[in-house]
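Have a look at the structure below before the remarks.
Letters A, B, C and D name the chains as they come in the text, with residue numbers starting at 1 for each one.
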Amino acid sequence: MTPSTKLIGILLGGIGTLAIYSFLYKENRFYRLFEHIFIGVATGWLVVTTFRDFLFPKFLTPLWERGFTGLVFRLNAGAFEGQGAAGEFVKRVADASWYPTQYLWLIPAMFGCLYYTIYSRRHNWMARLVIGFGIGIGGGAAFEGFFSEYLPQIFAAFRPLLVFKSGGGIDVNLSVLNLVITLSMLSTMIYFLFTIDRHKFNLESTASAGRLLMMVSFGAVFGSTVTARLALLIERLQFLVYKWSIAWVDLYHLFAGGGPPNGV
Amino acid sequence: MLTPPIISASWGVVILSTLIVVPSLVFIALARRKKFIPPVRRIRGVDMVDEAIGRSIEMGRPMVMTVGSPGIGPLLLAVMGIMGHIARAAAKFRQRFFVPQNDVTVMALVSEYLNEVYRDAGRPELFRMEMTPYLSDQQFSYASGYMGLVHREKAGACFLIGSFAAESLILAEAGQQIGAMQVSGTVDYSQIPFLITSTDYTLVGEEVYAAGAYLSDDPVQKGSVAGQDAAKAVLIALFLTGVIWATIATIWHRDETPQVKSYDVSLSQVVYPPPKDEGENK
Amino acid sequence: MTKYRLIVLVTFLGGLYFFFRFFLPPHYGGDYLISKQTWVSQVLNVMGAVAVGLGVINIGMVYGRRVVRKEKEWPESLALLIAFVTTLVFGFGDMVYRDQNTIWNAVYEDIIFSGIFTSLGTAVFSLLAFYITQAAFRAFRVRSTEAALIMASALLIMLGALPIPVLENVIPVWLGEFRTWILTGVNVGVQRAVLLGAGTAGLIMAVRMWFSLDRSAFGGRGAGA
Amino acid sequence: MTPDTPRRTVLDFIANLDRRFVYFLTAVVMLIPIVSKLEFRPPMMLQAEKLFNYVEDLAREPNKRVVMISLDWGPQTAPELRPATLAFLKHVMYRRIPVVVLTLLNDGRGFTEVVPPEAAKVVEDARRAEGVPANEIEVLYGRDWINLGYRFGFSDAIRGMAGNLIEYVRSDTKRKPLEEYEIMRNVKGADSFSLMVEVTGSVGIFPAWLQWFKQTRTMRFALGCTSISVPESYTYLDSGQLVGLFEGITGAAAYERLLSERLGLSPSRDTFQAMTTQMFGQGLIVLLVIVGNVAYFMLQRRKARESTT
């Protein structure tokens, strides 16, 4: 009469959900317990996925199969020399799996391991090498990032202030829309000038208009995000009301004898 | 028509990046030689950061800062200017200071940096590993850990400056619930409204960079703020040209296309010519 | 000083590939560098992946110390460490018996992943529904012009999107129009300005950090400005 | 003075509701429709109707071309995006338009195997109720729909599929070569499709589809998105790059209403309920903001009056 792992998972999930919600009233031990468990699981999950999806298939396995095995066979090839079939086999494996270049992958790995020197008082400058390397990458890659992200934005701002209908005549709606977009963009940009004396250039009113327009669009973003945020709670409530409560019934039936009625 | 993806730089991009980068290099060089240190407008966020530090020290409650998940990049370095300022105050007044982490490489960088700040402040013994607790790289387990930390330590001031996703409101409300003074700042557009509603002051977009420059008191950083302004002046000029160009083009071609915009404006094709293999599909 | 120079040099070297990949003309090496993309990202991935232990060391030190010294919250810290080790054990079990139906897979998938990891994640995420309600109630007050504007625009957008069938013909059409106008008009312009401003500042910051220009930069010359 | 006192406390109470009270109110209000299984009829949405009509037009073509749907969402956006996916699949399956299902997200892998059979079941039930001959009831895997599973590499994958789908993908989730399936007989690249529906909560995936899965005169796009990205999607509607749009749960519910009213398919309870619940929550927020402001305003006025007297 052991409950299935699925059932345990649902039960635990519901208890955890309630633990998280108990925070809404007050920080408490129940919440604290699940908070810590969550952090533990999430860290473990990170380690497992790093190994499973990357280190094993992309780094360790090739190193083992193509580098290490070959090396072992090669070093021992001398001992088997002239021993007929076995010697032939060893030699063949040694040749086939000997890729010295595979060892080059150890260089980035070792370099990455320099991160661990932050725990040493004397050698922690070495961690700065690899951290600095990362900073350099951030710096060099920024150009490509900037232009691929913002160049379309720059072009998209090229909007005509006069738009015509396809039949002829001016499309007032679109023209005004383009004007609004252009003006709100320019005034916001002017708000963000930090070294120019606003007073001297008479930009005070433009800048404050920029700030007010910013508030209008922040309100709009808030308003249009609300529904999405509610959707998550709906999912959790449905889970608690429908799935979780039934899981308890299943558990009860399991111990009271008889199979689970819902077959979870 | 949509803009084609950008794979490598064209001459237009080279010119544009020169126009954006070179002015700030010039301003930085001038500031370094103390020839011209541009006046940076003191933004209110800077005062708020100082006020929050002062208040939490007065109350004897610790300070908590989160940078979200920016990864090692420009934003993180800018935020570290502000972090250094807070850490110096924390070291000086022996106040506890937490910077929970959700990325191992960022954690290495931040803890090295804090270590250094404390050493320079003459209090190396105050820096401990607990200052940068690792709360896993998962968005919401990080958020739950942060919530718990802020509540248990009864933080007096929270600084949420960096890059955030949906968790921003969870982080901000945690501090709000215990009455901590909060200063936030982000470049993530969709999170700004939530930070505004739940924190005492929000640094919007590039104010984060400017605040870092202001607090670090480094002439180089001030020069670079002036450079940013110059770069933006270039962009504004480009926009005005583009808008006028598009308007004229629309009036000119009004019989064929009702609205000439974005990539169709030949100005943008000067900056960014279409890739060759794309041509036949048009 | 030599250490500092070395760090600056390594920082500079770090950025070279990505810089040249973008700026070299295709036929003068640009295409070649782009074709090496997978290889480079593999190298960077290896560097990042081996650092995963830093997090493990950190939680070991922070929470392990609490357990050993019986400081406050030590039972929870113990639970954290147990959860961590359990996840590791079953995770690697799941990895060894991949695509099979052993107890390792079942526990890892059903209990650890669906039961705890996903459930708690969604639960924390769904706190947003409570918080957004409270934040709207608390912050949307007509205290100043700015607050009034933020409130009015949020309220009108929410009303415009409220799918009440009874009110289908009651809610004026202009509300929907207003929504579209704000979202595709003002919002587009402001968003573009904010993003471009931050992007430009980021680009300049990136150049500064690539060349280690800052006096207070992270480079070994001391953080004190 | 005495009769004034209770009113004041009520005003103060309303203007400064305790946060826990607001949380409690949220939970209660949103639990009402879930526990009582209350459902409202969703309102009509113009964009959903446009998409519906477009699919109906496709169904009238003599040689029905294949439709593609990409489920680029994971567990965290599932509450909003699963209903849209389900509604669309029900429609095309009912109209016997062959559909190709795939995902570009690792998280979406599980859903590509669960959602289409669910839709198929609803369609089969509806056909049974209509008295369709027994051999035409079933929605067949391999003829009416196919699951390509998780495709790694975002824009690389899109580019590959746009060129030659069968050569790029090679096999489905059952690890059988695609050539063996009837549905793939006339499929080559992007041109063979009549409609590409992208359902996603992430930014940046749809633009990649637009850019690389070339929009030809006969191939059109539709989008299902979370309500967060609705504003961005409007720009694509504006430029005519989309034939229709699912705006979060509401859009999906409107689509379900069309399905049930025009085709007689039984609507998905979960979708209607989620929409109703969402409406309750949203209504509560609007109400709270209004009430809070009125109370605040009245308090301010009273304070002003008291300070003058």
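One rule holds in what follows: a contact is a pair of C-beta atoms (placed from the backbone, for glycine too) under 8 Å apart; a residue touches a chain by one contact, two chains touch by 3 or more.
Note that the structure is a prediction, hence the values are computed from the model and not measured.
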Requested in this report: Name, by label, each chain that touches both members of the pair subunit B and subunit D.
Outcome: A, C
Query raised in the report: Comparing centres built from CA atoms, which chain ends up most distant from subunit C?
Result: D
Query raised in the report: Given the contact rule stated at the top, which pair of chains has the most C-beta pairs in contact?
Result: A-C
Report summary line: Whole-angstrom distance, CA centroid of subunit A to CA centroid of subunit B, is 19
Requested in this report: Give, as an integer number of Å, the spacing between the C-alpha centres of subunit C and subunit A.
Outcome: 6
Report task. Report the inter-chain centroid distance for subunit C and subunit D in whole angstrom, where each centroid is the mean of the CA atoms. Result -> 25
Report summary line: Going by residue number, subunit A touches two or more other chains at 20, 23-24, 32, 34-35, 38-39, 41-43, 45-46, 115, 118, 128, 131, 134-135, 137-139, 142-144, 146-147, 154, 156-157, 182, 185-186, 189, 192, 214, 218-222, 224-227, 230, 232-233, 235
Query - Multi-partner residues of subunit B (at least 2 other chains) - result: 5, 9, 17, 73-74, 77, 104-105, 108-109, 112, 134, 136-138, 140-141, 144, 152, 189-190, 192-194, 196-197, 204-206, 210, 228, 232, 235
Query raised in the report: Going by the touch rule set out above, which residues of subunit D reach two or more other chains?
Result: 19, 23, 26-27, 30, 76, 227-228, 230-231, 250, 278, 281-282, 285
Report summary line: In the complex, the residues of subunit C that touch subunit B are 21-26, 30, 34, 48, 51-52, 54-55, 58-59, 61-62, 73, 117, 120-122, 124-125, 127-128, 131-132, 134-136, 138-140, 150, 154, 191, 194-198, 200-209, 213-218, 222-225
Query - List of subunit A residues in touch with subunit D within their complex - result: 24-25, 220-221, 224-228, 230-235, 237-238, 241
**Report entry** subunit D - residues contacting subunit C, complex
**Finding:** 17, 19, 22-23, 25-27, 30, 40-44, 75-76, 227, 230-231, 234-235, 238, 250, 253, 275, 278-279, 281-286, 288-290, 292-293, 296-297
Query raised in the report: Which bits of subunit C are touching subunit A when the two form their complex?
Result: 3, 6-8, 10-19, 21-23, 42-57, 59, 63, 73, 75-77, 79-88, 91-92, 94-95, 103, 106-107, 109-130, 132, 136, 145-146, 149-158, 161, 179, 181-197, 199-200, 202-203, 206-212, 218-220
Query raised in the report: Inside the complex, what are the residues of subunit B that reach subunit A?
Result: 3, 5-6, 9, 13, 16-17, 38-41, 43, 71-74, 77, 104-105, 108-109, 111-112, 115, 134-138, 140-142, 144-145, 147-148, 151-152, 189-190, 192-194, 196-197, 204-207, 210, 225-226, 228-229, 232, 235-236, 238-240, 242-243, 245-247, 249-251, 254, 258-263, 265, 267-268, 271-272
